[in-house]
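Here the structure comes first, spelled out in structure tokens, and everything after it is commentary.
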Amino acid sequence: MDHMIDAGLVSAENERLSADLDRDYANLGEKLARNGVSIDAVTEKVAAYGIAVPSWGVGTGGTRFARFPGPGEPRHIFDKLEDCAVIQQLTRATPSVSLHIPWDKVDDLGELKQRGEALGLGFDAMNSNTFQDQDGQAHSYKYGSLSHTDAATRQQAVDHNIECIEIGKALDSKALTVWIGDGSNFPGQSHFTRQFERYLDAMKTVYAALPDDWRVFTEHKIFEPAFYSTVVQDWGTNYLIAQELGPKAFCLVDLGHHAPNVNIEVIVARLIQFGKLGGFHFNDSKYGDDDLDTGSIDPFRLFLVFNELVEAEGKAGFNPAHMLDQSHNVTDPIESLMRSATEVCRAYAQALLVDRKTLSGFQQDNDAMMASQTLKQAFRSDVEPILAMARRKSGGAIDPIATYRKAGYRQKVADIRPAVSGAGGGIV
Amino acid sequence: MDHMIDAGLVSAENERLSADLDRDYANLGEKLARNGVSIDAVTEKVAAYGIAVPSWGVGTGGTRFARFPGPGEPRHIFDKLEDCAVIQQLTRATPSVSLHIPWDKVDDLGELKQRGEALGLGFDAMNSNTFQDQDGQAHSYKYGSLSHTDAATRQQAVDHNIECIEIGKALDSKALTVWIGDGSNFPGQSHFTRQFERYLDAMKTVYAALPDDWRVFTEHKIFEPAFYSTVVQDWGTNYLIAQELGPKAFCLVDLGHHAPNVNIEVIVARLIQFGKLGGFHFNDSKYGDDDLDTGSIDPFRLFLVFNELVEAEGKAGFNPAHMLDQSHNVTDPIESLMRSATEVCRAYAQALLVDRKTLSGFQQDNDAMMASQTLKQAFRSDVEPILAMARRKSGGAIDPIATYRKAGYRQKVADIRPAVSGAGGGIV
Amino acid sequence: MDHMIDAGLVSAENERLSADLDRDYANLGEKLARNGVSIDAVTEKVAAYGIAVPSWGVGTGGTRFARFPGPGEPRHIFDKLEDCAVIQQLTRATPSVSLHIPWDKVDDLGELKQRGEALGLGFDAMNSNTFQDQDGQAHSYKYGSLSHTDAATRQQAVDHNIECIEIGKALDSKALTVWIGDGSNFPGQSHFTRQFERYLDAMKTVYAALPDDWRVFTEHKIFEPAFYSTVVQDWGTNYLIAQELGPKAFCLVDLGHHAPNVNIEVIVARLIQFGKLGGFHFNDSKYGDDDLDTGSIDPFRLFLVFNELVEAEGKAGFNPAHMLDQSHNVTDPIESLMRSATEVCRAYAQALLVDRKTLSGFQQDNDAMMASQTLKQAFRSDVEPILAMARRKSGGAIDPIATYRKAGYRQKVADIRPAVSGAGGGIV
Amino acid sequence: MDHMIDAGLVSAENERLSADLDRDYANLGEKLARNGVSIDAVTEKVAAYGIAVPSWGVGTGGTRFARFPGPGEPRHIFDKLEDCAVIQQLTRATPSVSLHIPWDKVDDLGELKQRGEALGLGFDAMNSNTFQDQDGQAHSYKYGSLSHTDAATRQQAVDHNIECIEIGKALDSKALTVWIGDGSNFPGQSHFTRQFERYLDAMKTVYAALPDDWRVFTEHKIFEPAFYSTVVQDWGTNYLIAQELGPKAFCLVDLGHHAPNVNIEVIVARLIQFGKLGGFHFNDSKYGDDDLDTGSIDPFRLFLVFNELVEAEGKAGFNPAHMLDQSHNVTDPIESLMRSATEVCRAYAQALLVDRKTLSGFQQDNDAMMASQTLKQAFRSDVEPILAMARRKSGGAIDPIATYRKAGYRQKVADIRPAVSGAGGGIV
């Protein structure tokens, strides 16, 4: 395994922090034991948990107003893989990378796969892109892609998705994620029903190209880049799609793609109940699709989502994909992804602490107060010792960000990778 | 037919306004004819249109903070029927009344039906009530009704719904509308999936009691009276319900029951496409379920909903129920309902003016500008002459509110019906 | 001091839990000491903290749809005081009660004050009520109160507020809180500017009646019971009011009175900066003015508000009033208020743990990652041992709710106070 | 005057449409006369009305996901001026252009001014840009500009604003508009108060550089590009700024910069009342800062804003600046700006039709129904004949978009201006 961060440094840093960790872990363990919870069992589950990082997430993101790149921006998928390997090395929570085509296209897929293996990284769901025009593209997606009124444009989008499947097959990916920007900006611009019918027809062709052991995840979003209507606007439409396509089709939930105030955990529960929860794009948001670091704005909401996931563990066919999908505009992307992976693990660990038997009793008795308190008690548990112990046991860093900074990785790649000048956003 | 308003007064008022109406109608007709539209054909369709009024709508509504009754509040369903008859007499757009049980329970259903007939009113969908406790009720709905954890409470709610069907059968109603307040106020209070399973089970029993020629409409709502989660929170869950229940089950869309910013017309289109649009509760809102007069806050949104409905006219099995559902806190309820019925007719008339063939061409060509303009042109047409002409031709009033005021109906009933003192809302 | 809960029971319960508490407190103390934080200093500050409970909060709340009373509903302010005394006895965090006039009017204010003293309760801000009509009231507030178009109605509302001041003077209250329901339901109904001018004029008269050592708190709210516009719709208007009135006028922030997505902690910071933060009505909400238990929906937001308050501690003239304002629809109100007082203390304790010097450095260096982590680290600290220790030291209960339940208080008062039947909400 | 569109073509097109226009105008005039309104007086006011177009608006906009340029994209400010001249020639409603620095920087300001004059265009408010980094810029705005923690960066931003004033002076502009992207993405990242203090300090320096006959407009925005907090988040903070700066400082209202559900017309009324309404950036939106064509999503809201403006006409010192600010992603920008200018005129004309004396009486009497109807009656008037007549009388086109299309302007410039390839948005 190629280590991006010197293993000795990781060990030295861990050494420095281990005594406190051991003490905190023991104290927490004793406290949990009072409630009949084995801390080691929880730690084991957390250690076994993994979430995919998006290849594009290791580059600095931007808005339509501007993008402010940082030092050492990755130049291509091989640079990105190395950055992802840092995240996995230190957190041990991100064993796979989710690629985006054509951004991550390479000539030699074998080389790419090999490089992933060398870095200890697998390849998660493939992401297609029909929301941008690429140089030399025959048909523009300005007015849509899979739902375009023009058949040739739809076919081009279908072909692109099938190409993504082909690339994924070579990389042992097992899923295709389809998010489209299709919609309309003005009342009247699109005929909602015909547009959706065209989308369904196109997706059926994509679906037909899925290998037997693959799944397809469709993603809904209320707005942006379309500002009046979107074709896959919410989970209701997303569910209809999954139902129309068939048993390999599932719904993907991005935490930032809903209307204000919407209760996302209920949606998660409904999709689980009806066997159509495909997975998540984790991030956090306050206003729209803000794509902030997971758990940074509303950590309790994240916990409530994981509460549903833990509740469903063991249910037949329940196997949602977990992926981060964020835009890192003002932080070092590697730091944000490490922090976010940690926050997801935190929510998972907290959800594992929920006393489900007791909770179920309170629910049955309509004891709203104690039911609520049962969740809150799990949420307010400081599970950091569990997360740190899981990382240390798996060979990661007790304090990933501090270790990363000490390693000077960012400066190292900045010396190699050329500086990128401040690019304007879409408005210019 | 028993006329609540003196027919001579209506005629005299119409007489006064007829010359101007005829001129405006002729001018509009000439203008529409330039675009190949026959004004008389539109007027005929508008005249044939009807929307149900809710029996409870003729009483002054309130909030949890207070209720400020007006003079002449109806004492019972017979008073309410008379108020509804006023609305129908003057607008000719509200031929039926939607009852709410137990608020409108009577000993003699035959008498009630007869009174409706005498007043020229039919009976639309029956509304059940399992969101309040009635005196002497065995089981409380404090913690839910059809989804309650307690089987006896669920059965009581099922029985009540079946009773509503029975009452409706005697009145020639053909539909049951089910809205529940079930949900939870705190994370953890309810197990989302079990709660929804219980709801589905209960509704299946209600469904089984539906006569062959009846439909059941389930209504979704994002919040209130439950403030953390609701069982039927959005159209996605509502669709699942209709699908689970069977071919007589349909989704009801209340315009004020959605999250902020949600595009309601897309939801309407999706439900039409998948054969599950049951009907509407029309009203308007700016913040939540404000239950304001239809068209008073966002008339363009109302038009866009009707644009979908006109688009779907003629589609097999397409037969949505139209009902007003508003809370009249600061206006005379009769005036608000007359105005709202008129606004619904206005949106319908405007939607009928959309040049659909031309629009379709713009949509196919992605001419977003002209497609948008096509809708806007129809919307900005002042169709008041069409509405007034439809009313006059049907025996109604050219200016319903002015005629109503001149008739002094409110004062007349205030003399008969005892004054109601200001009752507090739910917070006290 | 009259104890509502047997002191022996409290002691016995505490005894049972003390060993675990001592251990947890020591462990947390050790951990905090590593970061240079003295746990005892934090505990001392928490123990000194107090928040007012609203007299109306001890009764079961409701919505416009229904109210479901529980057993032992308080009949009058003396019952309410006893319920409040329970909360204070067990949590030691709620030393005062905020009255609502006319709900809490009594003939003998001396008796009321004495009863408060006997129960160890002071009287916080007085709340006036001009959003409901009282029996026999000369002028209705249906169309407004302090901003009504009619001068006599405005005068009545002014007089009522002055009466509230008079009552408060007798009870050693030092503040008047003014929340009005004034606004409009339809565009056009009110002339925004004239309406606001009338409000300002009326409030100036109220202000003139304020004793020198009193403050007046005005409260903004985006909607409900008015559904199109409100007179004091947001903090911007609220600030204008405080500025117009003078140095004794301040803005009250209710956490549930803002538009969706609004960043409340920025508003708090602005009001502090400009010397006009009067205080809070604490509660939590997901959709609108849901009035749920503080911290039950978004505990991180509550922490962020307290982060601003701790940041401002010591600033000249900074002395905000803290009050709970909730509607307890599905829980025992006493339990909800005890829990909520605890959650407020929790947010305060967590905010006290923020390493402000370090944070300031990260902010200066634009180290968004570490600045964010600094807050998150404080937030995720499980400060329950601090809260419990503060309660125990002050004579309260380590576990208030468990102790309350064991004491059987609710059953005891249910035996004395007559059952209340389910009253309908405002819609009937 | 240099005409971009052949004047003969305009005349010919007008000729074709004049008979119908004359008839419609006469009919509308007759109808309005019944209510005592002189149509010619209204037409005159509409003809005198003017709104500025943003120089950047004539280029195709984009989102962070993509930008899809159209044919004939303007290369520089001289191309943009020509496109703006088309809009003014055909609509006669857009006599001035608002520049954006540095996007519109030129070597020879005299040449620019001359070109404007030749095209019949004046120069409206200058817009500074401190939300993007320009090549070779000494200090990055990644972490803020006027509120940056670093003094040199703040000074750079101040200098840039002063440079904008200098440029504007040479062009006879009389105002500076300041919108900043400053804020934070994570709780803790910025110290709200210190950040705002730095902003105020910097703006005071800018303010000091304002000529006596200039105004400065500050613009608030709830989010984007900052996703947790913004420095000038709402009108409350904006008002504080204007107050702190002095009598030449005013608040700018962009219709898309508010939280969901916020009542913008109340804000407009408040700013007018307190003498701080500087002007508008007109556009429309459904979700966030969607920057859609004005009036395309919620035309009634636009009308309600103009209702406030007409209400305030004649008030001392009342002189708000009107500007369009939109992003044209799927339409020809020239068409969108022509349509939007027309929609603004439409709202103005409709607001002029409001019978204010009658309305005032209904408001005084709390006749909510008739007050609401009074506004609705004005709104539903089809004032297109007034707008078209105002254009024809001023030398513009009766149907601007049809005339523009017939003139083939887009194709003409596409032949001259090089094609632009699809650029990615900020996320790449």
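As written, the chain order gives the labels A, B, C and D, with residue 1 at the start of each chain.
The definition used in the following text is that a residue touches a chain if its C-beta (ideal position, glycine included) is under 8 Å from a C-beta of that chain, and two chains touch if they have at least 3 such contacts.
Protein names from UniProt, one per chain: A, B, C, D = L-rhamnose isomerase/sugar isomerase.
On a predicted model such as this, the values are computed, not experimentally measured, just so you know.
Participant: Tell me the fewest steps from chain A to chain D, where a step is a jump to a chain it touches.
Facilitator: 1
Participant: Centre-to-centre on C-alpha atoms, which chain is most distant from chain D?
Facilitator: C
Participant: Quick one: chain A and chain C, Cα centre-to-centre, how many Å?
Facilitator: 39
Participant: How many angstrom between the C-alpha centroids of chain D and chain C?
Facilitator: 42
Participant: Please output the residue numbers of chain A that touch at least 2 other chains, ranges allowed.
Facilitator: 142-143, 184-187, 189, 222-223, 228, 260-261, 263, 286-287, 293, 296-297, 300, 330-331, 366, 368-369, 372-373, 376
Participant: Which chain C residues qualify as touching chain B in the complex?
Facilitator: Touching chain B from chain C are residues 56, 59, 61-68, 103, 131-135, 137, 140-143, 181, 184-187, 189, 222-225, 227-228, 260, 285-288, 290-293, 296-297, 327, 329-331, 421-428.
Participant: For chain A, which residues are in contact with chain C within the complex?
Facilitator: Against chain C, chain A makes touches at 20, 23-24, 27, 30-31, 34, 260-261, 263, 286-287, 293, 296-301, 330-332, 335-336, 339, 346, 366, 368-370, 372-373, 376, 379-382, 384, 401.
Participant: Quick one: which bits of chain B touch chain A in the complex? Just the residue numbers, please.
Facilitator: By the definition above, chain B touches chain A via 142-144, 149, 184-194, 196-197, 222-223, 228-229, 233-237, 239-240, 258-263, 265-267, 269-270, 272-274, 300, 304, 307-308, 311, 359-360, 362-366, 368-369, 371-376.
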